[in-house]
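One structure below.
A, B, C, D, E and F are the chain letters, set down in written order, and residue numbers restart from 1 in every chain.
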Amino acid sequence: MEAKHILFLLRQPPYATSHALEALEAVLVAGVFDQVVSVLFSGDGVWQLVDGQDGAPLGQRTVAKVAQALPQYDVTNLYVCARSLEQRGLDVGDLALPVQVLDAVEQRTLIAAQHAVVND
Amino acid sequence: MAVLHLVNRAAALDACLAAARDEDAVLLLEDGVYAAVAALAPARPLHALEPDVRARGLSARLADHVTVVDDAAFVRLVEQHQPVVSWR
Amino acid sequence: MKFALAVHGAPYSSQSAATALRFARAALAAGHTIPRVFFYHDGVHSACALAVPPQDEPSPQAGWVALAEQHGIELAVCIAASLKRGVVDAGEQHRYDLPASNVHPAFTVVGLGQLLEAIMSSDRFVTFAA
Amino acid sequence: MEAKHILFLLRQPPYATSHALEALEAVLVAGVFDQVVSVLFSGDGVWQLVDGQDGAPLGQRTVAKVAQALPQYDVTNLYVCARSLEQRGLDVGDLALPVQVLDAVEQRTLIAAQHAVVND
Amino acid sequence: MKFALAVHGAPYSSQSAATALRFARAALAAGHTIPRVFFYHDGVHSACALAVPPQDEPSPQAGWVALAEQHGIELAVCIAASLKRGVVDAGEQHRYDLPASNVHPAFTVVGLGQLLEAIMSSDRFVTFAA
Amino acid sequence: MAVLHLVNRAAALDACLAAARDEDAVLLLEDGVYAAVAALAPARPLHALEPDVRARGLSARLADHVTVVDDAAFVRLVEQHQPVVSWR
């Protein structure tokens, strides 16, 4: 079977729901399937990446720590939406892991190149 | 191949359109169909899912450039596009 | 074509399952096949066998069960999502010493790998978001 | 026990979730308790009132029909947010039942007069 | 003061129950009383006895049960919301001929009138929205 | 008595503020605390719930006019206001 291009489009903020964490768990699993896996953080999903998180006050796992594990699972195509960062007063210096910033045109190209998109 | 975007909340349409190309199709469904109302719809071709439009009493309130489609046409849109992207 | 579907929302807090069910019926009527529907996030509540719908409203679960029987569809419930939400089969009831189980027998509790497998082996993947 | 002023602040659209219907059921129950009950439809909650709804295509009850029953349960203080109507291109002629339109100042006064506010 | 609380969201799809639990603890520590917590809408899932939280995460339900025992709080689950979501006690299991029940014994299934009664008899009413 | 408004989603703050008087208190909690971030916060006094702020890594990112409060102070706000209104 030919390798598929699978994009995880992550748009939910962490903690209020378990969507962010559960979607990241799916990304980790995808990493072991020898597919072409990419992750795009956009909208409130960029909050998953912000440095300084600590789930302990809410009795939850720290979502940024889970995201930081992605490269160890061979998920290295990590992208973030430029406009979503800007709208929230954030830049890459605020993030807990290295990700590539994509403008709108680059995001359109990335999405159009996929066989499947999984959202959270 | 062109992309099919599914939007199930009106507030998610802006983010969807920022990521959609002109040739991509956008299908509004569930609470997304409120974005098809004449007063709210952006100026680009849109599809809206018929059972959701009808239940909400919106049939006569939609913008002219919105195409209402039934479930069978939803399936055809999926056949003709790849990937299918959901926005909420 | 082969379609893989994912359902992310619970009945009554999302239309996700109801929209997916209508889509599945229309896709099968058009000659497509759906080997697996993957219930993830709050979507796992569709598997709960204890729900009693309001009078005059169809049971969302009965629709899935009938479709699965007629067309050989696997109704796959993600264990990582279902266990924490209290949707458990007899095996998990036993393993965690729980007072009961509540997964309808037409549903199968599986791992997340089955989501990826469904995506990889299908022509189209459609998520019905919460 | 002195009668309490209880406001139901209904902001959820109908059908996608059962919040709207369940909240209206709570209003109907409140109507029999001899309290001073008011209902304010605001934000996407105004869609609950729109004429021409039919839940049948979704296998659901028609939410506007439930709202129309409110006066029969002695709930007659029915209000709608003027700005929410305007933003959606609606006016009272689009609604399935008679409700009083309140501007922002009137809504602030209504809210401040309550002992309790129930939201959906 | 007497507080009445309403919880509208399910664990894992909303912080509603977790925030309400922390608030309840702080209110009791400050000397207030909470005769009843009303679980409505998706909030009814807090009553399900079959949930197994992820390792290292506290059980949201265990927190409510402990608080209710220590302080005599009624944990009230709305029947109109719970029945359709598959959260049922032994009485409803029997009435609707269901294969099991799943309401934790520390929770009581009640009608919507109990929400109004709680509001009417308390000094403050706080909704923890979904 | 002044009103206490609880906002658990940033997008709901606008509707809340349209219905709040100057003397009313607004407490941001859960995902509502994102509206307290310096780049996003409106110019009026706001409270934000400490466990939610800390979990999300926002402690050093809040606007200056936001007061961070713990659960005990949340209880005191409820004591001192009536009614309590939730926005989402």
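In this section, a contact is a pair of C-beta atoms (placed from the backbone, for glycine too) under 8 Å apart; a residue touches a chain by one contact, two chains touch by 3 or more.
What you see is a predicted model, and the numbers here were worked out from it, not measured in a lab.
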| item | value |
| --- | --- |
| Mutual neighbours - chains that touch chain C and chain D alike | B, E |
| Chains touching both chain B and chain F, listed by label | A, D |
| Copies chain C and chain E touch via same or different residues, half shared test | same |
| Whole-Å gap between the CA centroids of chain A and chain E | 34 |
| Separation of mean Cα positions, chain C and chain A [Å, integer] | 25 |
| Shared-contact residues (touching 2 or more other chains) in chain F | 8, 30-31, 51-52, 82-84, 86-88 |
| Sites on chain A at which at least two other chains make contact | 15-16, 18-19, 58, 60, 115-117, 119 |
| Per-residue overlap in chain E, given as positions that touch at least 2 other chains | 12-13, 15, 41, 54, 84, 124-125, 127, 129-130 |
| Chain pairs that touch, as defined at the top of this document | A-B, A-C, A-E, A-F, B-C, B-D, C-D, C-E, D-E, D-F, E-F |
| Chain B-facing residues of chain D, complex | 13-16, 44, 47, 50-58, 60, 64, 87-90, 94 |
| Contacting residues of chain D [partner chain C, same complex] | 15-19, 58-61 |
| Of all residues in chain A, those that touch chain C in their complex | 1, 4, 6, 18-19, 22, 25-26, 29-30, 33, 35, 115-120 |
| In the complex, chain C residues that touch chain A | 4, 6, 8, 40-41, 80-81, 84, 111-113, 115-116, 119-121, 124-125, 127, 129-130 |
| Residue ranges of chain E touching chain C (in the complex, touch as defined) | 10-13, 41-42, 45, 48-54, 83-88, 92-93, 96, 98-102, 130 |
